[in-house]
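Each of the two complexes below includes chain A, the first together with chain B, the second together with chain C.
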Partner chain A sequence: METSRSEYSNGIPSRKLIPKPNEPSAKEPELQTVESRNWLLHRHFTRKEFGICKILIQEELERTRGKHEYANYIQGLILRQEGKIQESLDCFQMCHSLDLKNVDYIKQVARSLFLMGLHSLALEAYLEAQQASKVPDWDIYHNLGECWICLGDYTKAKESLRQAVQLGHHEHSYVALADTYKMEGEIQAAIDIYKAALEITFRAAPDSAQLATSLGLLYLQEGKYQHALEKLGGALARDPQCARALLAAGAMMQNHSDYDVALSKYKIAAQSWPESPALWNNVGMCFYGKKKYVAALSCLKRAHYLSALDWDILFNLGLVHMATQQYASAFHFLSAATNLRPAHAGTFLLLAITLRHLDDPDNAAEAFKQAGLLSPMDASIPLNYAVFLESQGDLDGAALQLERFQELAQMSPRLSSELVQTATQLSKVLNRRLMSSNGSKVEGVDGNDKSNMAIEVEAQVRVRNPPVDSSPESLPRNHMADDEV
Partner chain B sequence: MGSTRNLEHDHLWLNAHTDTRAAVYTFSSCITLSDLNADGDFKLIVADLGTGSTNVKLKVYRGTSLHSETALLDVPTGVTSFYMDLSEPRIPAVAVASGSNIYIYKNMRPYFKFSLPALDVNPLERDLWMQIRDEHLEINVLVELLNNLRIEIGHSQLSTRSQHILSLDASEAASFVQQHSKFPLKRQTIVTCITTLKKALTEEKAVSCLVVGTECGEVLVLDPEAFTILEKIKLCAQDNTIVVVPAILAACGLHAVEFRIVAACRDGSLRLARRGWTEAKLLVQLPAQPVAMTVSAENAAITIALMNQTLQCFSKKGKLQWIVTLPAAACSICQIPLPHQSATIIAVSLTGGLLQLYNGRQMVDVIKAPQTVSGVVFGRFGQEENALIMFTVDGSLMVKILKRTAHFNLQGSASNTVSVAPGTAQQVKLQIPKKTRLFLDQTMRERDNCIMMHRTFQRDLFQLRVDVARACVRALQSCNNPVSLEGAEPVKLSAQVLGLGPLFKMVISLQNISASSLVQGLGILFHFDDKMYSMEKPYLHVPMLIPGQEYPFETMIRNISELALSDQVRVLVVRDGQSQPVLAAIINMPVCDLLV
Partner chain C sequence: MDPVFSALSLYKKRKFEECVTTCTELLDKNPFDQAVWVLKMRALTEQLYVDDLEAEEEGIAEAFMDNETIAESARPGTSLKNPGTSQGGSTQGYRPWTQTGRPVSGVVRPGTQTARPGTMEQALRTPRTSKTARPSTSQSARTIRLGTASMLSEPGGPFIQLSRINLGNYASKPALAKPLFLYILYHENSIRHALQLAVLATQACEFKDWWWKVQLGKCYFALGLMREAEQQFRSALRQHQCIETFLRLGRVYIRLDQPLSALDVCRTGLEYFPKETTLLTEIARIFEGLNNMTMSVKYYREIVTEDSTNVEAIACIGMHHFYTDQPEMALRFYRRLLQMGLYNAELFNNLGLCCFYAQQYDMTLSCFQHALSLAKDDDVADIWYNIGLIAIGVGDTRLAGQCLRLAISADSTHAPAYNNLGVLELRRGRVNEASAFFQAAASLAPYLFEPYFNHSSLSHKMGDLQASYIVIQKALEAYPNHVPSQELLRALEKHFTFI
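And then the complex of A and B:
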């Protein structure tokens, strides 16, 4: 009573006391439990009715003067979904201050820090969570791994992710672990991880098309085409719309010159992925394979528009322009390609042939030499060079290059018949010309041969097609990997 | 014919009743259908959350009209009807869970109130409140000790009273203590979800137990007659500090024989409890928060809608059967048993007002509602056996009746749907950009004249390069470059002219672009035609420049010519005692507006 009198002493009774001035009531005034509406918050939150949810949270926070764990927690989650990471962090920190022992709050704080790009702080928070958690938690290990990846310590990342995989068998952890191995170039290890992931998630989730696709792509990278095709087929059986798998499977068909099947795959992929430069590049090269040059150019130009600095697309554009005898355009694309990848011999070879057609023999010779330097084991380069030198009248040089070709041809037995044919034809011409070195008939023969040669050079270019096709198709895989990230 | 029927609800469903002004704020868990008077006329009982805090009512619809209304004390969590006993006539009871109580109504009159058992209060906390009651303790000491306790055991482990006093100011605390300290300290938990479980018989009117999920992570099974706790199942292991709170409960089986209770929890886990277990087992960790769930009575398969816009089905052992991606966020789920087709289809209401009906993973029908359907139940309403009751988020009530002749096309199996999808994509043509006649003409022209074109291009390119190089050299020689080159001072200059005239403000900013070295002893000199302009300060002294920092220098310049002409002003950055400027820039002055 003493305390209550002091309340009255300043003349104004405290407002709280007015309703029951002298009622020592038998019942305790009802206090609303703090958690009484958690279920309502949760329901509105899961239904994504964030508007109502925020109003309710506001009411709850006012009622409890901010000391409401769950309201703060849900508010943090909503703010994070809205992209307000800093505000969400404040909410989770409030939760954490209310319950220091709750691991989930620490994890959410860490997650917000991670999303803000403060990886080292996030790492510390996750380590704290790990200590607070009594049972080992795959989620914490997984996120620790992600933090280590961002901080560039792959060994520790692998360690954490391995723990996560053992504890949780979660798809994300497997993918992250495999990615780490991929980044370190250990493709075989990555393949093993994916295999394990597929086995386990196949039990849990029949619809794991993405995993199968990733494994297929890795096999492709390793050159195990049979395995790759199996996995990609499996992925497509599970999700026929999976654009990554479609593109890769299409590329494999394309490598086997099965252009119509490849195109049918690309057609489906284009529905979900209309702006993929790799896709349009491959479609373009399919048309090129079917000798539909205008369609090929249209598609390649779209690919080029979508990704202007893509080396493969530039190379292919150069190639197709050569096929349509548009040498001036071909020169542009090829020179752009050489600027982007100055170490690729094939580009220089094509550039040299283009320059020959543009009547620039000096630069053509330079390009041939450069190509030969970059790839001294490629038999087609000396042969093309020989044809070029022969047409320029440098018979000794041509003979030298032909000799070089023959040396290389002996080393690589599986040489295209077209190349061999051209070589024999060339050697015949050379012999004839060397014998009648200063005859009056030479000019006539020369002219005749030149036109022959010209055709042979075209043939040369086409021989180079398969490798040309394969390189753009190896690229889409990288693209896809990037898209995934 | 079932096979030719397209997915239109008009063929299958009759619109029985629509009341757009019902103004009911409710969820699926707060709606139930029951034969309240045992006369075969099923009523719709719905708990209306009102404004969310006030105007909370329990409404009973009979046919199309509102039959009765009962005011509720607190926001209802769930409503369910069940048979409590075997007395004749078989009148079911209605259980309304709200706060920490369950109110039982019979004949729509209050019958019984069950309060959840109080939780253990921390002994230290109880002790503190005892001491304050006996006035052995100062209030501020109490608050401090409670704060310490909170840090130790967490806010949620304290009693409501302690939580309240911790949120109060010191001035309010005294009266609060005075008001409350005389009463025993209690710690109450909250009902989060409620469902029923048949006790011993599977018949429709058999006696059922109530199954209640609480905020403290427990599932209680209550005896329908005595309201004693038959089973108390903890959802998480004892040693875990995190409380796993059930969000949705579903039960199947018989209490006396064998039963399964599945709880979807707020931490995204699916937990299973069976007869005789005191602790639930983790069935599966979901990838997202659960929104709504049903459990099939036949094979205990769990169909659950998640927050990541998927509908997933798990076997009773927790093995994932299939995933369907939904076009929008799910809101609620209800089972539609079709005994005549021996199937149970599942209706999923989506944000935006779509209601999709699935048989397994295959969608068999779509119902369109004008608004997102917040609560949906299917069952017997009035005399009609197959009624679908929907409450939308804006509070309107819709009742649809499934036609007796309705036949869902359930033949298409799961494998069928897979092969249909690419077929449609296959038909779409690849959009290849078209080329014009002009393009082809140009191609021909290039083919004929490629050498000439190449040479022209190369020549022009070289010409351009030469011109650029010359201009560059000229600029360097006359020091007309705004960024200095190596050898000279590492300074960058940029200029700005503000105003409409005749008075302009000129802002010159200098920046030291070197990594570490300081720049000293510079000045800015303006060179202009003194018949055209006059300047306040034609020379500005530049202080020492710190790397990276940008220094703005301002001066006023006035156009003094009578004619509306403008001229160039040259800005020279000079070094003391050096004849050649370090940097220079030409500013084209704007024409001043004489009208101003």
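And then the complex of A and C:
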């Protein structure tokens, strides 16, 4: 207490005891260069030791009063990986203000803007970066392309991405470019891009199983099954667990009625992806192909449970129920499918046939007409309609529809033999019945059974890279609030 | 008639109130009649006696101030805390999980709600049903309610003044001590005094009476002294094997989060009492808590062969069948429950769902109508939600939307309904509304992965990568094995880690 009193008088510190500011110390101050610990930062960052990294950065920033370029840069990168984009943007802007000429910083700022979804601002920033950079940089072009895609200007996007591809040969650019073509519907161009990408990245890229799968899927879309199979096989050779490729390969096997091989593929895929509705759908249709209807139904139902809003699955469920002659159930599934997707002719055709079996000829006729409207070029619809009309006794209508079928059949050369057979049988029956105009029921019913099968091919396989929305989850809440005695 | 005899007869007829008044009159005449005194005590106890084995519920305080935990992160399949880690269990994709972070169970019982949630906030939010709150104190809700009996003012002061009574005197007289103990425990609900008496009594009989040891264990258990309780129960079991003791010892291990030891105890119990349904039920419940549904159902099946009217077992088996793609089988079990005379909204709800998935469409809607007419406030939301699912199943999205909105109006915290509304809005192309619904669902129910995933994939599509990246990580926290989430995260990481 004594000392304190001598030091302070009336609360004012006595003058001579104030430490003099900036008293020159005996030793020369050690001037650390700003970059002296950059190597350490870099090392920790590359080892993903972000905790230590952050402490170091804090020290560096305090020492340099926030003017440390590299520390700011690394902090920005770390913050970005943690998902704090706004804060990382601040760091990069600090870097940029410290060194206006550095293109990297502009690029990072632009990237932050892009990640925040501010595409037009990002685009401007990238354009600025492009001007600042002396050599053409594939990264800038690539990102410009991405920005244009997000802004919806595909031609400019393609232009930028093409340049990126030429400069960098980078996988991401190829994928983005191919995606652009796909979005514009130019499948062939997309295939070419993928081919080029595969040739270039064949040795280096470990991720090329994905590329090969994408290419395979494109071939599949184009209907070039041989090429598709080749590519998918290649993808599987590199990554035997790749679920997408397995699913696609299985679907192709399924298309060729090679159900056992397809099932073996699906079995592997199911291990890595047990909750995929597409997978269970395809497995179900495999069983359907093998005529194991109960197994097919339970697989399809599981698929339906996992993705309740998917009309494919409902359609297939309807088909299998028809095969087991449970027409009421089939009707329910098919009507649900038409509700979810009203513009599919095949569903209406199936619906019509079910209605016919449920003894509702009026609605069946309506459904046939609707199917015909939706898909006027499908030959199987008039044929089925003709068979239906014939069984109803409307011979003139049947003849008209049969005529229509024959017109369409001439236009499409690759028609399944089953359809043609049914048609010839039907025409015979019609002729006979028109001859004996008594109209007594002749034994011409045999055409009917087959006609159901005519549209199966449509139903079989949809290689679906699963839709993004997770289905509304079926969460049956079973609360049994019971007393336990 | 001799008034003592008539009081005894009233006691046997379980007319406790009248018995108590008769005893009071008798005691007024002769305060030192021990027989009448004991009779009155037993009548008072009997009025309030409950099966406290089923009443036990873990409060928030115990879940958090838990100093008995052995390992912070237990090995897979050895802890009730994280049921998701066990092998061969059902996943969230098939069987939905409840707010407490475990798969839905066939019956609501105290144990199913004991969640040991991750954070305090989540624990406070977790309701027991949709309306009542979870008990937040160390003793179970029912025990607290018991205590109120002692707070009722009785004419002429309390029957026994615990603070004045000389416990040592009574401890040496077994005929008096046991009723007195039960009176103190159940009527007065004073565990401290009960414990004192039990300690004195067990000393007086030279530690030879197993009954006192069980009671001591009960007291220790209620006070949260698990290790002491364990000792007492074990020592009691050495002297005498009794079903109740096995069950209580099992409960101690469950509280200590050592389900495997609890299973061992129950199995030993089964050696003495083969096919005993209470022990089998306990085992089945523990397996369910460990998310090992196949084993759980196996034990429930054993129960049903022994006791074909066991509601819990039938309901749990039915539930298991429903979530393993066998709605027809589930339907049979639930129908059995209906035949047994159960008649409530939950049952009709489940019947309706089973009918729908088993394609008995004509029954579905009438079941749900019954359910709605029987439903109490907290069930209505769930039933509307399920009707919404049926509407989605028949492709009527407008009806589905209306049902889901009704569900929300009945219970504004119904997260799955918000999620499904979001999906429906997304189908109609209304992105902003969908996103808002997903966010609402996610904030209400952090244990569901669907809203997170939907929100994230939507943001990804819209180009808001930052939001997508943050949200998808939460989805993976809720359900680490969700493959689409993993793929989305991988795609996003390319953007975020690429320099």
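As a convention for this text, the second predicted complex is superposed on the first by the 344 of 485 C-alpha atoms of A that agree within 3 Å, B and C clash if a C-alpha of one lies under 4 Å from a C-alpha of the other, contacts with A are read in each partner's own complex, and residues count from 1 in each chain.
Everything that follows uses one rule, which is that a contact is a pair of C-beta atoms (placed from the backbone, for glycine too) under 8 Å apart; a residue touches a chain by one contact, two chains touch by 3 or more.
These figures come from a predicted structure and were not determined experimentally.
S.K.: Touch test for A:38: chain B only (first), chain C only (second), both, or neither?
M.R.: first
S.K.: Taking the superposition as given, does A:329 touch the first partner, chain B, the second, chain C, both, or neither?
M.R.: In the superposed model, A:329 contacts both chain B and chain C.
S.K.: With the two complexes superposed on chain A, say which partner A:47 touches: chain B (first), chain C (second), both, or neither.
M.R.: first
S.K.: Which holds for A:270: it touches chain B only (first), chain C only (second), both, or neither?
M.R.: In the superposition, A:270 contacts chain B only.
S.K.: What is the contact status of A:314 with respect to chain B (first) and chain C (second): first, second, both, or neither?
M.R.: Second partner only, chain C.
S.K.: Which partner does A:301 contact after superposing on A: first (chain B), second (chain C), both, neither?
M.R.: Both chain B and chain C are touched by A:301.
S.K.: Hey, is it chain B or chain C that touches more of chain A?
M.R.: For chain A, the partner with the higher number of touched residues is B.
S.K.: What is the shared patch of chain A, the residues that chain B and chain C both contact?
M.R.: In chain A, residues 274, 298, 301-302, 326, 328-329 are touched by chain B and also by chain C.
S.K.: What part of chain B is in contact with chain A in the complex they form?
M.R.: These residues of chain B touch chain A: 27, 52-53, 74-75, 77, 99-100, 150-151, 153-156, 160-161, 163-164, 166-168, 172, 174-176, 178-180, 182-183, 188-190, 192-193, 215, 237, 239-242, 245, 247, 266-267, 284-285, 289-291, 307, 319-323, 329-332, 351, 393, 418-419, 421-422, 425-426, 428-435, 440, 443, 446-447, 450-451, 453-455, 457.
S.K.: For the complex, give me every residue of chain A touching chain B.
M.R.: It is residues 3-4, 7, 14, 16-17, 24, 28-29, 31-40, 42-43, 45-49, 56, 59, 64-67, 69, 98-104, 134-135, 168, 203-207, 237, 240-241, 263-264, 266-268, 270-271, 274, 283, 294-295, 297-299, 301-302, 324-329, 331, 357-360 of chain A that touch chain B.
S.K.: List the residues on chain A that touch chain C in their complex, please.
M.R.: Where chain A meets chain C, its residues are 77, 80-81, 83, 85, 114-117, 119, 150, 172, 243, 272-276, 298, 301-302, 304-306, 308-309, 311, 314, 326, 328-329, 332, 335-340, 466, 468-484.
S.K.: Within their complex, state which residues of chain C touch chain A.
M.R.: Going through chain C, the ones touching chain A are 54, 91, 93-94, 96, 104, 106-109, 129, 311-312, 315, 319, 322, 325, 342, 344, 346-347, 349-350, 353, 357, 359, 361, 379, 382, 385-386, 389, 392-397, 416, 419-420, 423-424, 426-427, 448, 450, 453-454, 457, 461-467, 469-470, 473, 482-484, 494-497, 499.
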